[in-house]
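Note that the chains are named A, B, C and D in the order they appear, and that numbering of residues resets to 1 at the start of each chain.
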Amino acid sequence: MVRVLLLGQGYAASVFAWGLARLKKGLMEPWGIPLAKVDFGVPIEKLEVVASVDVDAGKVGKSLYEVVERYGLEPEPELKSVTVAPGLKLSSTPSYIKTEALDEGRPLEDALVKFEELIDDANPDVAIDVTTTARTSPLYTWEEVEEAALRGSLPHPQAYAYLFLKRDSVAYVNLQPAHVACSPAFVDRALRSGSLVLGDDGATGATPLTIDIAEHLAERGRKVLSVAQFNIGGNSDFLSLIEPDRNRAKEETKSGFLEDVLGYEPPHFIKPTGYLEPLGDKKFVAMHIQWITFGGFTDELIVNMRINDSPALAGYMVDLARLAYASLRGGMYGTVPEINAFYMKRPGPLNLKRKSKIAAYQDLLAFVHKLGKREPHSLNLKALSSEPVTR
Amino acid sequence: MVRVLLLGQGYAASVFAWGLARLKKGLMEPWGIPLAKVDFGVPIEKLEVVASVDVDAGKVGKSLYEVVERYGLEPEPELKSVTVAPGLKLSSTPSYIKTEALDEGRPLEDALVKFEELIDDANPDVAIDVTTTARTSPLYTWEEVEEAALRGSLPHPQAYAYLFLKRDSVAYVNLQPAHVACSPAFVDRALRSGSLVLGDDGATGATPLTIDIAEHLAERGRKVLSVAQFNIGGNSDFLSLIEPDRNRAKEETKSGFLEDVLGYEPPHFIKPTGYLEPLGDKKFVAMHIQWITFGGFTDELIVNMRINDSPALAGYMVDLARLAYASLRGGMYGTVPEINAFYMKRPGPLNLKRKSKIAAYQDLLAFVHKLGKREPHSLNLKALSSEPVTR
Amino acid sequence: MVRVLLLGQGYAASVFAWGLARLKKGLMEPWGIPLAKVDFGVPIEKLEVVASVDVDAGKVGKSLYEVVERYGLEPEPELKSVTVAPGLKLSSTPSYIKTEALDEGRPLEDALVKFEELIDDANPDVAIDVTTTARTSPLYTWEEVEEAALRGSLPHPQAYAYLFLKRDSVAYVNLQPAHVACSPAFVDRALRSGSLVLGDDGATGATPLTIDIAEHLAERGRKVLSVAQFNIGGNSDFLSLIEPDRNRAKEETKSGFLEDVLGYEPPHFIKPTGYLEPLGDKKFVAMHIQWITFGGFTDELIVNMRINDSPALAGYMVDLARLAYASLRGGMYGTVPEINAFYMKRPGPLNLKRKSKIAAYQDLLAFVHKLGKREPHSLNLKALSSEPVTR
Amino acid sequence: MVRVLLLGQGYAASVFAWGLARLKKGLMEPWGIPLAKVDFGVPIEKLEVVASVDVDAGKVGKSLYEVVERYGLEPEPELKSVTVAPGLKLSSTPSYIKTEALDEGRPLEDALVKFEELIDDANPDVAIDVTTTARTSPLYTWEEVEEAALRGSLPHPQAYAYLFLKRDSVAYVNLQPAHVACSPAFVDRALRSGSLVLGDDGATGATPLTIDIAEHLAERGRKVLSVAQFNIGGNSDFLSLIEPDRNRAKEETKSGFLEDVLGYEPPHFIKPTGYLEPLGDKKFVAMHIQWITFGGFTDELIVNMRINDSPALAGYMVDLARLAYASLRGGMYGTVPEINAFYMKRPGPLNLKRKSKIAAYQDLLAFVHKLGKREPHSLNLKALSSEPVTR
């Protein structure tokens, strides 16, 4: 059994828990899980949600059964066994959320201790952060991390990463834009303590498609003149992105790939654009790309999408929980660029050159192929990219 | 110098000749040529158009300078040196074209002899077929080819292929939907006579993008529910596709990839849809794809494009002339699946399993890398796929 | 009570019957009914489906409850009271339908008598034709109609119209492309026999929007260069349009408006394009319009839609049943251009100049306003357009 | 001759001046001018640009010939006769513009006097404001206007309006989002001094189409669930909208119509979204609308456009100059809602209920019809809406 702890019991985590229960009972097909049909020793059925953390007062104390139901999904009885525990709100939780958190009415120091007890009790193999977007900077040394954590100045995703990576032999997956796998401090720590960090920011939705279209154009020698990409949705992720800082955090992970893929950076406008409640979790994306083709003629491409945001991420979570567990068991410490490059918008480690997702997928398959053949703990390969990272 | 003969002096061949002249004089950037920046021993500047063939009475006897001008392009003086020679209309040339052809007012036998004299005079290294679409079937033996050619029952693209491949050591590139590289008879002949056939049907426009989007979805484990793709344009290619047989020929090369890429064949409607004169060569494409994502939710993708059809193909022609020449010089006889797989809609040899264009590009780069390092004629590798081809 | 007879118990008629039942019980809002909030003396609640006719062997003999359920709608118990009766298949019913019809195993003459008995029994105030598209020509004299009907050479929609208009004081609504309100023979007959014919071809979906966009452009003095409009769907209507004749019938009613609205006929391609089963009743529409604006610059507009075809028509059926009844009661015989112009693609009478739907709506409101104030049968106005209609 | 003075010699004013010169010489067709073919006594040829004002140091002192050329248009020699004069920058001109203005190096009082001398010299019949967007509030009394103008606290469009309306018998057209025709102070003043104010904010681009689509949906009884509309362009208008205050000014005029047309205000996101230089003046618009149709089903509409922003406005300027002149000559003082309602995004006077543009066009035609039949100055009708306007 692979014990999974969820940080942030939003719609993505809820679809994940709900879908996993249904998959195990054969009630649904494993569509939307990239490696569903690839065997690397950790079948989907082995995954088990053992704990869930949130700071939304409407969720804390509720069972996953109740939370899932509130999202309009028909819950499986198994979901009654996990209750949402209170997490840390710190200063980075959006102000519009009515919170119930460990660091309310209690000194920070005590709150951190409480949270570590929670980890002890849950004893997870893999923790997955799908909390609300927070804007962060990369962290370079463990001392810096520790100091900021204790001072209460770390945004919540980095604080959570700190609390898990204090321990040994943990697999930690960060699916939001915060710098975790892109913080050398966390990757170094993981490398030294037999842990693994994957991240950052799950690449679902429009960004991975835009990357692959950019690759498609680059391969045909076309000169991209401009890229405009709008995103609008009605889920709490889009609501949180109304705050300029969170929006900027997202914008940064969404547009960094163009230069890496094209070899130059075309003028572009790529950002989450707005919140529109009736769109719900099925966001609307509009994209315009124009380029020069042979002879100097200009072509145009427009893409429009309606995409279920959270289910796409939930499908990735299934793979990432399996991959994180298998990699750690296979002795991969630090981080695994081959996993990050496919699943993430800003793949760690910091400054990793991005490639098209279709190319990254080939690398992922090669990596997984090796992983599948490896005896647990037989090797102790350093997976960390060897490029020196400097501030 | 690489001597290029053009079959069909339409807009694609005209943009090619015009663009090549401009490229050589540094008047334009090599955008739209996939391998413009890849050195495999045949620089673009080495290409030279030495002959041109057409059956349009309005073009035969005119210089390329005049033809290019008629297409609204500002021609370079160098284009005056090549005059369009009359070709073979046979029974497959569209009836709405006012023709001037070798097989008008002359027995077929004599017309074929005349055409062979034309080839003798031009002495091309590479011939490229960009004539009007004709519907064909694969041809399996050289005897069958020869008989049908002499009887006059071969559609023009196969007749041209026959007349070139009767000779030794020629490179022949077929960019229209006819079965040439997908006719075992032609590939076998080329293999035995030190020649090379590339084809079939240049993969510009919406089809290669659709393939790569299909690959993108497949890699994420999504279940494609349906694909609709409409194409409408105002160039003579679209005009010819109003005839049901030509339309079907095109439809066949446009939709065969889905099963190879996805592993199943989703319901689809993919065809050239109509002719609308004011759109000109810049066709309009509309595409709708829907799929199931994790948890059974349905996503939707809509793509709209305005694409300059002929310039895209002209850019490919630059590469294909270079690649055909380099491959033949490098001793590659028969056909080269690695080239076809990237540049063609129905890549030869017959029944070659299709892959995504982004994956094919990786294979192409690897092939070209080897090619670049090879001494001319040092090897005599059979490039033909070794899968047995049966009727 | 307004007694409604349905010809063709497909999805549109089923959504109509189902929705009407729900509206009466306050289970749904009257969205999608253009005049829901306009009072002209016939409230929605007065409508009652009293009979239903079809030739699909899978429907004949079933109750509307069962048919509605088969379409995936949750039926109301009231729908059990109406059973689908067999109609006339004639030679115009698509061959892929397994039929059960009055004219199977029985001379045509007898079948017609049987059908008239059915009308006698149902005694409807309004009959609505929502059968499968058939291609027809306008009919000019009642003798011509009668002869062809008895010979069995009338397509089914005109045969049905004949059988109803043989009677006096009936209101007949034709919602498919056949020429009924655009057949002078039917309108003349109605005028002379105190009956009313409305039609032809319900203007839901892309066509009315295209008309209004054309008007929008015309009002700004823009020169439309081209219009391309594709439609693809997965309901039985699209399936039937695969047959070229039906397709042409539809194409004719879809594109005739451009010249009337713009003052000139721009090059256009407007037709139902294909059948793609997974799209179901929610068709996909793609449209491209380009025009010249001030200074000679070219603008472009692309519209994509997912439209529930049958519910849109069902909403119109609610209004048309009410309007037909109210008009007839108000003494409007022949046809009513003000109604047709808004609700129909090819509004009768024959050769009526089309106008934008937004303008037609103003005329409709004015007409309805007068209608609302009129005493039943107080007037005997000829509603028929007075323009002479010649062959 | 109708003497026209241009405020803001940007691309719109330049296309206007250039196009007018070409129209007069028969070098282009009058496409894009809504009333080009409607005769109301002021033919296009009568218009004459007599003066131009700007604060861009790169334009002041240049002839229109030079300015037009700089915009990439081939200028007519006639344009040499008008030189751009320096205007007032005040505090509302964007900071990124290198300015040359009357209020630089000179007390405001003197600058205002200078500007009035400029008006004296030009002696225009019609002044048209197409300067950069500024955010304003409605102004209610002339005293308030005068005080703020002398204090230098009026944004430039209101300052210009003040300086013109100090005079008698002027026609003033405001095409930017500032409150001019929506300031009771200006309309009252115009009414009392025999002047006319038209405005505010020219309704080109996506907004009028959105209004007409909303009307189209409303007429069919559909319930609009949400409207998202994105605009991105590369002209200086979009550049200026990066500043949040200007953006908000634009947003306000773009979205106010929904409630007036639909009868309720659906959730919406309608704003200028960003600046992307390579798009130039041909902006990209993406729009998503979803609604409930009969039976509770949801439909979706996506619109994408490439629209030449400034030429569309230039075409309106031709009409507005003619209409303003004709109205004033016909004795229409204050403002004319029938003109504003069609041509403007926020038609004056303040709080005028908006209607669909297609309906407004009918009213405009009726108004123009009356205007065409009127003797100059024969009447002295008050055109001002009689609704009392209170703060």
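What we mean here is this: a contact is a pair of C-beta atoms (placed from the backbone, for glycine too) under 8 Å apart; a residue touches a chain by one contact, two chains touch by 3 or more.
Computed from a prediction, not measured in an experiment: that's the story for all the values here.
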item: Where chain A and chain D overlap in contact partners, by chain label; value: none
item: Centre distance in Å when chain B and chain C are each reduced to the mean of their C-alpha atoms; value: 47
item: Gap in Å, rounded to a whole number, between the CA centres of chain B and chain A; value: 43
item: Centre-to-centre distance between chain C and chain A (centres being mean Cα positions), rounded to whole Å; value: 52
item: Touching two or more other chains - residues of chain B; value: 300, 302, 304, 306
item: Contact graph of the chains (line, ring, star, complete, other); value: ring
item: Which chain pairs touch, all of them; value: A-B, A-D, B-C, C-D
item: Residues on chain B engaged by chain A in the complex (per definition of touch); value: 15, 18-19, 22, 28-37, 73, 208-209, 212-213, 215-216, 219-223, 282, 291-308, 311-312, 314-315, 318, 356-359, 361-362
item: Chain D - residues contacting chain A, complex; value: 225-226, 228, 230, 232, 266-269, 273-279, 284, 286, 288, 290, 300, 302, 304, 306
